[in-house]
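Each of the next two complexes has subunit A plus one more chain, namely subunit B in the first and subunit C in the second.
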Partner chain A sequence: MNIRLGRGLIAAAVLLAQASPAEAHIVAARLGDFYAGALHPLTDLQDVILWGAMGVLGGTLGAARGRWLVLVFPLGLLAGLALGQDFEITLTGSTVDAGMVLVLGLLLATAVRIPTVALCALAFALAVIRGMANATDLGPETDRLLFAAGLACSGYAVITLVMALVLAFRGADTSVPTSWRKITLQALGGWIAAIGLMMVGYSLAS
Partner chain B sequence: MRHLAVALLVLAALVLPRQLVAHEATLGVLEFREVRPGAFVGLWTMEPTIGAARVDLQVPPHCFLRLPELNCGDKGLIGPITITNLGANMSAVLIKVIPIVGEPRSYTISTANPVVSVLGTGAPTLQTWIELARTYVNYGIDHILLGADHLLFVLGLIWIVGGGWRLVKTITAFTIGHSASLAAAAFGLIGVPERPLNACIALSIVFVGVEIVKQQRGEIGLTARYPWAVAFTFGLVHGIGFASALAGLGLERRLLPIALLFFNIGVEIGQLAFVLLVLALMWAHRRLDAVLPRWGDALPAYAIGSVSMFWFFGRLLRVLAAT
Partner chain C sequence: MSLRIFRYLPFAIAGLVLPQAAFAHEQVGLGGGLVSGFLHPLTGIDHLIAMVAVGIWGAQLGAPAIWVLPITFPLVMAIGGVLGILHVPLPMPEVMIALSALILGAAVAVRMRLPFAAAAAVVAVFAIFHGYAHGAELPKSANPLAYGVGFVVSTGLLHLCGITIGTLTRWPAGERLIQGLGVVIAMLGGYFLALSLGAVA
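For the complex of A and B:
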């Protein structure tokens, strides 16, 4: 079971790592702006890492806290897209993204029980920033409403599914502090924090 | 399940009325008539909306193209043809090749399949079948994924029926229904005018919306009682709608059965992906216990009904305008 899960995770990671932003434009040309909005973030590694980490964090904090993200995260993406498009505000960049990866990784690794309000604020802020980042790739001919709807649907689906998968993985033994599942999630947080740290170092150096 | 449907249907209500525009393909038809061996005269019989001059057509390297002239020399018109600027304003172009000797042939360059290989005269080869499979499986997937009305109908069925074997039977009945009518329509056994048919498809979604309301009130509607029968019946209607996507492509009669098969496979792949995504989200909502307040219960049924009535009236106006 563990080996199969590990293989699956490695295969998924390889698939995601092989995707490149350019593929989003092929998708856009093929299936229109709704699917372009839905698939564009999934072809950007920074979106994939940050969305995934946010979902894992929401899941580890339990259903009662995490379920708010089902609504908050897509709304944040829409707000970010609107800010990026209508007001041309951008708060993106490799350092900002790397910093967010680091913060999420540390929160996961330390298993801090952050309150619901703080979790929602963090998810909303992250979604706003990534919404802005996605807005920068909108072309003049892109239907913004369809693109925004696609992006919000994608954010909703990804965050909901990741949180549910983490909850299913966590199972019922969360009360035991040495549960291997809990330790696995903390170890995953450690890897994410390490990736974030390397990204911060790289972005500051370059 | 309700909660998932609420979220999905509210989003659908916001998005789908515009999405239908994308469902209507923007086609162009270019005809090449051979006037002497290897030399053709090209003519746009249906100009794409962006205008013929803006179509960036690339022909096999040994051919020389300056419309209306296309000269391929002794080798003839064999090899890849592509259009580099396909997109939202021009989703597909049908290339008809009319040789001096032999049957006319048709090739569809679409956003799903931007390169086609023009085949010589004679019996179809393995390459022909691979080309057809690539083209029509992709075209089927595109058609269902861009067909918001079909997806909304399937979503309504899932909501009423729930999961498990009942859903498997219902979706299978819908598949059998639309495959049968798709085949019948593609072979010319039945013919229904497109505009009234589209209005009927919208009405089928209204029906599902009403059934959801009935279910919420505790009444056992027709769909809840005989879901497979309802799915099969409306599947027949939706299948004729699928066939209209193939009708404009002017396929050769001999290639129609296999193209139809691949197109249907593509439709099934797209439909299955959609059903699996919905089921996965239903499961996720149950896990998270993510529910809307009680007052939100009726929202999806009315959203589905409003969107489909909006489509119905829009399509009905088109029918009336045409008569």
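For the complex of A and C:
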């Protein structure tokens, strides 16, 4: 190793060790509400699980069926946000969320080949409900257009990326029922369903 | 590397040891729920050995058990979890958990070949009791959803660990090693059974 590289490495180590949170307060910036809309669902574990499970389900059903979600899911989020904000309709609740986690998990675990229409309907319903849930935290000073744009972009990015990852992981050959990749995705579905089932029980108990 | 580099080492060390935020008391909120859920199956040795034994036995039984168990076990366990959350009384859960380690360890040790349906039924009964014990703790956790995620992931990883160990059965020496491990699990299960029955202090 030459001396310049050594110095550079040490300087980099010092810089990395000293790095602290940026505290940039992007939410207070001009496009802050866009970032707020984009990041709000990503900081909620229910959104993370539900969006992720929806993306995995779309990916396991293949690109031909799943690609519709790229459009349907963000539109559903926008519809839910509008319903929640303008009409103050809320279908949110821990039992509804837990039930959706359970349904998505069971569909994944059983590897049911649901039709494209049913997949789109499920994704739209899920997105509407989560859009409503995200609308509940909108303040009067929030720029709704920017928040909605951020939420839709976030939904688009998460669904597309998760489906792409699952499609890449699944590979081309899905005809073998005992392919370890297929079993891994089904086992993941079993885990998701188990989480959903316990949360249904918890929401019924509380 | 030139010795001159050591001139800069004190600066690097100083940078590393300068105080950062401590992040103490992490057992709250989302992180706390995740950590407590993840650690719950790992910190109870009786749970841990039984879950690993399920994976090993599944690997010994081969298909379809090896791939059906990871898919269905968490779900059956979650049924037990719901019973625990709802405080539905189950008979002697601690005894059954200890018994599960004893029987599953013995099954691994003697390489018990049961029909798939019978093996699944045995594992399902024990899964309900294990889930019951975990589920009972869920409402008390910092974040119940995060606890559930942590506990399911932890249990799944323990199965995976067991299945990975179980792949050693491909080799004769590995098979003997696994059978020895089964004996150890069964003995530990026997100890926990005696403990839960009050036979040992």
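Here is the rule we go by: the second predicted complex is superposed on the first by the 175 of 206 C-alpha atoms of A that agree within 3 Å, B and C clash if a C-alpha of one lies under 4 Å from a C-alpha of the other, contacts with A are read in each partner's own complex, and residues count from 1 in each chain.
Keep in mind that, in the parts below, a residue touches a chain if its C-beta (ideal position, glycine included) is under 8 Å from a C-beta of that chain, and two chains touch if they have at least 3 such contacts.
These figures come from a predicted structure and were not determined experimentally.
Asker: For A:46 in the superposed arrangement: first (subunit B), second (subunit C), both or neither?
Answerer: A:46 contacts subunit C only, not subunit B.
Asker: For A:193, select first, second, both or neither according to whether it touches subunit B, subunit C, the two together, or no partner.
Answerer: The second partner, subunit C, only.
Asker: Going by the contact rule set out at the top, does A:114 touch subunit B (first), subunit C (second), both, or neither?
Answerer: Neither subunit B nor subunit C is touched by A:114.
Asker: After superposition on the shared chain, which partner residues are touched by A:79: those of subunit B (first), subunit C (second), both, or neither?
Answerer: Touch status of A:79: no partner.
Asker: In the superposed arrangement, which partner chain does A:125 touch: subunit B (first), subunit C (second), both, or neither?
Answerer: A:125: touches no partner chain.
Asker: Just to be sure I read the superposition right, which of the two partners does A:183 touch: subunit B = first, subunit C = second, or both, or neither?
Answerer: In the superposition, A:183 contacts subunit C only.
Asker: In the overlay, answer first, second, both or neither for which of subunit B and subunit C A:96 touches.
Answerer: Neither partner.
Asker: Does subunit B (first) or subunit C (second) touch A:201, or do both, or does neither?
Answerer: Once the two structures are laid over each other on A, A:201 reaches subunit C alone.
Asker: Who does A:163 touch here: subunit B (first), subunit C (second), both, or neither?
Answerer: Touch partner of A:163: subunit B, not subunit C.
Asker: Overlap the subunit B and subunit C contact sets on subunit A and report the shared residues.
Answerer: Residues common to the subunit A contacts of subunit C and of subunit B do not exist here, since the sets are disjoint.
Asker: Quick one: which bits of subunit B touch subunit A in the complex? Just the residue numbers, please.
Answerer: That would be residues 7, 11, 14-15, 18-19, 22, 86-88, 111-112, 142, 145-146, 277, 280-281, 283-285, 287-290 of subunit B.
Asker: Considering the complex alone, what residue numbers of subunit A touch subunit B?
Answerer: Subunit A reaches subunit B through residues 29-35, 63-64, 66-67, 70, 141, 143, 145-146, 149, 152-153, 156-157, 160-161, 163-165, 167-168.
Asker: Along subunit C, where are the residues that touch subunit A in the complex?
Answerer: 1-2, 4-5, 8-9, 11-12, 15-16, 18, 20, 30, 63-64, 67, 70-75, 77-79, 81-82, 85-87, 135, 138-139, 143-146, 148-149, 152-153, 156
Asker: Report the residues of subunit A in contact with subunit C in the complex, numbered from low to high.
Answerer: For subunit A paired with subunit C, touching residues are 1, 3, 6-7, 10-11, 13-14, 17-18, 20, 45-46, 49, 109, 178, 183, 186-187, 189-191, 193-195, 197-202, 204-206.
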